[in-house]
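Here come two complexes built around subunit A, the first alongside subunit B, the second alongside subunit C.
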Partner chain A sequence: MHKVLSDRMAIFIFVFPGLAFFILTFVAPIILSGYYSLTNTIAPGTSVDMVGLSNFKELLLHDERFWLSLRNALLLGLGFVLIQHPICIFFAIMLDRIGGKAEKWFRTIFFIPCVISVVVISRMWLSLLDPTFGLLNKVLGFLGLESLQHVWLGDSSTALGSLLSILIWSGFGWGLLFYYAGVKGIPEELYEAARLDGATGIKLHWRITVPLLSPVITVQVTLAMITALKQMETVFLTTNGGPGDSTQFLAVYLYNQAFSASNYGYANAISIMFIIVCLLVTFLLNRIMKNKNLDY
Partner chain B sequence: MKKKTAFSLMALTVALTTVLSACGSNDGASKPGNTPSNTNTSGETKQVTLRFFSNLPDRKSGQGLAEQTVIDNYVKENPNVKIDVEALAEEPFKNKLKAYMASNEPIDITMVHNGAELDTLVAAGYVTELNPKDYEGEKYNFLPGVFTGFTFNDKIYGLPRNSDYSVIYYNKALFQDNGIKVPTTVDELMAAAKAFQEKKIEPISMNGKDLWNIGAMFQNLHQRLSGEQTSLKEAAKGQRKFADDPYVIEAAALLQQMVKDGIYNKAYMTMDYGASQNLFTQGKAAMWYMGSWEAGMASNESLPQSFRDNLGVIRFPVVNDGKGGINDLIAWNGGGYSLVEASKNKEEAKKFFDFMMSADQWAKVAWDTGAAVPAQKYELTGKETEVQKELANILLEATSTTGILLIDASTASFKDAAQTALGKLAIGNITPEEFAAELDKAASKK
Partner chain C sequence: MSKANRSMLWIFFLLVACVQLFPLVWLVDFSLVDSNEFFSDSVLVWPDIIKWQNYINAWVDGQFVRYLINSVIVSGATIILTTVISLSMAYAFTRMEWKWRAFFFGVILLGIMIPIHATLLPNFAIFKTLGLTDSYWGLILPYTAVSVPFSTFILTGFMRSIPRAIEESAVMDGASIYRTVFQIILPLTMPAVVTVAVTTFLNCWNEFIMAYTFISNNSLKTLPFSVMNFAGQYASDYGSQFAVMVLTSIPAIVIYAIFNEKITKGVTAGAVKG
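Here is the complex of A and B:
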């Protein structure tokens, strides 16, 4: 065995398929994308003219839509971290405390949105939020709160907020699942010890559960930011970036530039910036939340 | 040792390439329709399968039925030809066609959209240039000026299938029952919209998510104010400035005001084509601003009888003191067909293409089934629905036509920017002046 592993040829043969796959599906497209980002080609298969860095110059200095979509993506990420995740942690703890049959039931119920197709979720929310026939406005009307009725997804002042709520709702199950697993991993003795020391209720969880979840939180925050940056389907299927760019997100903008506006070279420049932003965010988050290894 | 590794690496690369390329060619050959295959039993004619790509997924009514009928007619006359139809709804169709273009997929005939969309296909060399001389004369009977949106650098790359023009379909019963006058001026239209809102009925159903139709209405208002149909097209090509045209500002302001006053259904910004049509056909909206290609609604049996009986069509209203008349028509030829350069059966594909586009096929079938108003001369049958007759009159009495929509008059990049600007204008995020400036900025980018 040792002999096989010290043979370079053998190592190469074992590693090559994986490496080739990685190069063909990740590295090569990125390099190709980098090449196209320096051109002004309008679509794949058309003539290619090198234009140097002018796409990037335009993108970084003159393109408001790019910055707007980046801002929206980051806002969504913040929404995930500051709204969705605290709720997830709260529900994970609640689930753990309930125990018994109810725990299993609620666990399943909370996870349902995650197994529904994105298309169905988008259509469902479009109907729920429909200004005339939608459930939300109907309920508001029934309660005599007509002043709160809105054209939720069609008005630029409420569209982004509505979309964030949809996305936070639909991703809730995944967050819950991870935190729930984390909570389940905390030994009961720690709670007993804390109780003996006089910690109860919120304080108990704030001092014991949340700190012990920090490895999960670190991973989850990073994942949430990346999910937010990559968000595409729900936006595409509900507002398509509208009304008037108010729900424009990076991935949707990139797609529309590449395939609707026939700015293929420019879209590749966006995708390169997209990769850089993702790497930067991941790096910064890892820096901020240095993983403290906890032993218990 | 080193030499050995290098040699093995080379050997492996060669082996892998062979395996991969073998996969590739196998894959190509196994697809139906890519290769003109063996002769049939009589040994005279070759069996051919043509791949036809369409944006009409409903093959049982309207234009989809007409298209399928023509295909069936051809197959009946030419039993050696099989035609595989792939049909997707509008937006997925556009996306997939771009994907086909990117991979140079050997389909044979495809539906195309004029102007900006076709521009990209032409630039990629995906569609075949046609000789206009082939399509002159009585066999085809094309109306004058219908090739505008299919012509690039004086060469044509597709043939139009319809005469498209913007009209307002309306629900007669909703107007009558509520005692509301069918509008002939924009002021009356706005008054009608207000009256409908009070009755909790949506005035005009609008597919705002798609944005192009808001562009058509903007162009309609501009025409009604300015009385001419060329300045917008010229401005899109950068030959003049949108901002210098007072009617652009005026039309934009009017459109903005109309939207603000609630002339559209409330959810218009999230509504795509199908959703806006449903709102209208279910009697929840009084009007639908749409093109003449929806003539088939009147004879579509999947729609409720009560709706079809009450379906009417009117010209877009005039603006008081505007220079444009009621018979000036926002008319263009949006949809059409092209031959694909990557086709492996070019000769057979062209035969079918010429058959389909001859006046006694698509034009006749489309008119006779009430599916659309063709871009070719057609005979009246006497069996036309009221809606069809009225639509025919509207075109017949037209005093001017547009040729191409503003958004389609330049590149795909202009179209995208112009549509974004239209969206922002409609929801009031930008002023009419800023709107004109954004259009100019889009037109100056080449």
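Here is the complex of A and C:
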């Protein structure tokens, strides 16, 4: 058995294709990106002039949009953690309590928006939030709240909030599913023990379910921040960063720098910073959360 | 939970579901009416005459069938490649004995953290040099690369939970390691493989930005593109635009309806072990 399982040829055949894919689409591009980030080339295939670290200097010291993108990602991430996740946890617990056919049915229904293409979702919400024929303004008019009608995605004060709502709507199913899986992993005996001690209803869940979900919450909070940082398609297809950079995100910014503004070299510098920020955030959050769990 | 409470919860859930799905109902509703109706005051409209012309426009001018075929080819090839690669890697990571396996497992998992958007620009340059832009491979390769880390993660988790006895007896009987993996391990890991296949399908089917960047030849574009294309072409014909969106969403919803249990099970298994 040992001989078969340490067959070097077999290991190579099993691991090499996956590794080759990884190198082709992750490692090689990042190296190439690192190279381009040191140049001022305007598009792939054009002349290349080395400019050293000046792209990074410009990006970190003088580029307000870069920091604005990070701020927006942070706000969006906080929005996920403070608004979407509590809703998901609440529904996950209630879904577990309702039981029977309803549990299965509602779990299936709540997930439906998650299987729809981001292009459809974005275009649909553009229409829903359209100032003239959009559903939201019509409903407000119907309720006699004309004063609240708004150019939701076209006003820099409401654009980011509108975007957050779209993303909460479309991502609700995934969050719910992960927390639901966590709730299902809590053994029934723990609830019974707590009930014997006199805990019921909301108190029971606040004292028992939520603390026991902390490993799931840890992973989900990290994922939420990463999701916020990686935000691209929905923004690109609705506001494209505007109005006035109020919904600017790193991925949108680098894409437009590369393909619209012809700053390919600079865009690659953004790419490299983007990867560093993502890995750094993952690392830091894991650190912070681990310490917190130890205290608990 | 008491009966009264349960009924209350039922009603509450039903209300939430209605609110949540209302945008989709609205989308379907307005895909069946004339664009003039968009500017009426009503929230939903009851079409006097259903405007099937919207769907005809979507089907014919939206070149729905062509994009559908492209989507099926790209998703199908990606699912097969992802499954084979992830399954064999997961086997090497969980069962086989070699020095660097923890290191390489860690490297592959990094793929989940690295944002694909950051690799978009250099990949565009690489694919262009290799002549992969404007070909099916220009989508199949990056889609597979993006799907493999997550799939390997799910499959290793699952493989650790299945006993070694069956494959050991197969090896004792003289089956080769390759036969063992694809004839013994594959059926045993089927639940996880289905989860991986369905999530990979949904990701490829709905993927937009790579398709948008790597493909410019109209005959190779995938479904999300038909929506974009159509939005330009039929800029003021909202009814037809909505019809395209509905048509595009149907295949994914059907697949989801068939396999939704598998997605839940896969996520549950992953979360409990994670």
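Convention: the second predicted complex is superposed on the first by the 269 of 296 C-alpha atoms of A that agree within 3 Å, B and C clash if a C-alpha of one lies under 4 Å from a C-alpha of the other, contacts with A are read in each partner's own complex, and residues count from 1 in each chain.
One rule holds for everything that comes next: a residue touches a chain if its C-beta (ideal position, glycine included) is under 8 Å from a C-beta of that chain, and two chains touch if they have at least 3 such contacts.
Keep in mind that what you see is a predicted model, and the values were worked out from it rather than measured.
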| item | value |
| --- | --- |
| Contacts of A:L280 with subunit B and subunit C, given as first, second, both or neither | neither |
| Subunit B versus subunit C as contact partner of A:F111, first or second or both or neither | second |
| Touched partner set for A:T132, first subunit B, second subunit C, both or neither | both |
| Partner chain(s) touched by A:T239 [first = subunit B, second = subunit C, both, neither] | first |
| First (subunit B), second (subunit C), both or neither touched by A:M50 | neither |
| Which of subunit B and subunit C A:S156 touches, first, second, both or neither | first |
| Touched partner set for A:F172, first subunit B, second subunit C, both or neither | second |
| More subunit A residues in contact - subunit B or subunit C | C |
| Touching partner for A:A251 - first (subunit B), second (subunit C), both, neither | second |
| Subunit A positions touched by subunit B in one structure and by subunit C in the second | 8, 13, 44-45, 132-133, 259 |
| Interfacial residue positions of subunit B with respect to subunit A in the complex | 1, 4-5, 8-9, 12, 16, 94-95, 98, 101-104, 116, 119-120, 123-126, 202, 208-209, 211, 265-270, 284, 411-413, 415-417, 420, 423-427, 429-430 |
| Subunit A residues within the subunit C interface of the complex | 1-2, 4-8, 10-11, 13-15, 17-19, 21-22, 24-26, 28-30, 32-33, 36, 44-45, 91, 94, 97-99, 102, 106-120, 123-125, 127-128, 132-133, 135, 138-139, 141-142, 169, 172, 177-178, 180-182, 184-185, 215-216, 219, 226, 229-230, 232-233, 236-237, 250-251, 254-255, 258-259, 264, 267-268, 271-272, 274-275, 278-279, 282 |
| Partner subunit B, residues of subunit A touching it in the complex | 8-9, 12-13, 16, 20, 42-47, 65, 126, 130-133, 151, 153-156, 238-240, 242-246, 256-257, 259-263 |
| In the complex, subunit C residues that touch subunit A | 1, 6, 9-10, 13, 16-17, 20-24, 26-27, 38-39, 41-43, 84-86, 88-89, 91-92, 95-98, 104, 107-108, 110-111, 113-115, 117-126, 128, 141-142, 144-146, 148-149, 152, 168, 171-172, 177-178, 181, 202, 205-206, 208-209, 213, 223-225, 227-228, 231, 238, 241-242, 245, 248-249, 252-253, 255-257, 260, 263-264, 267-268, 270-272, 274 |
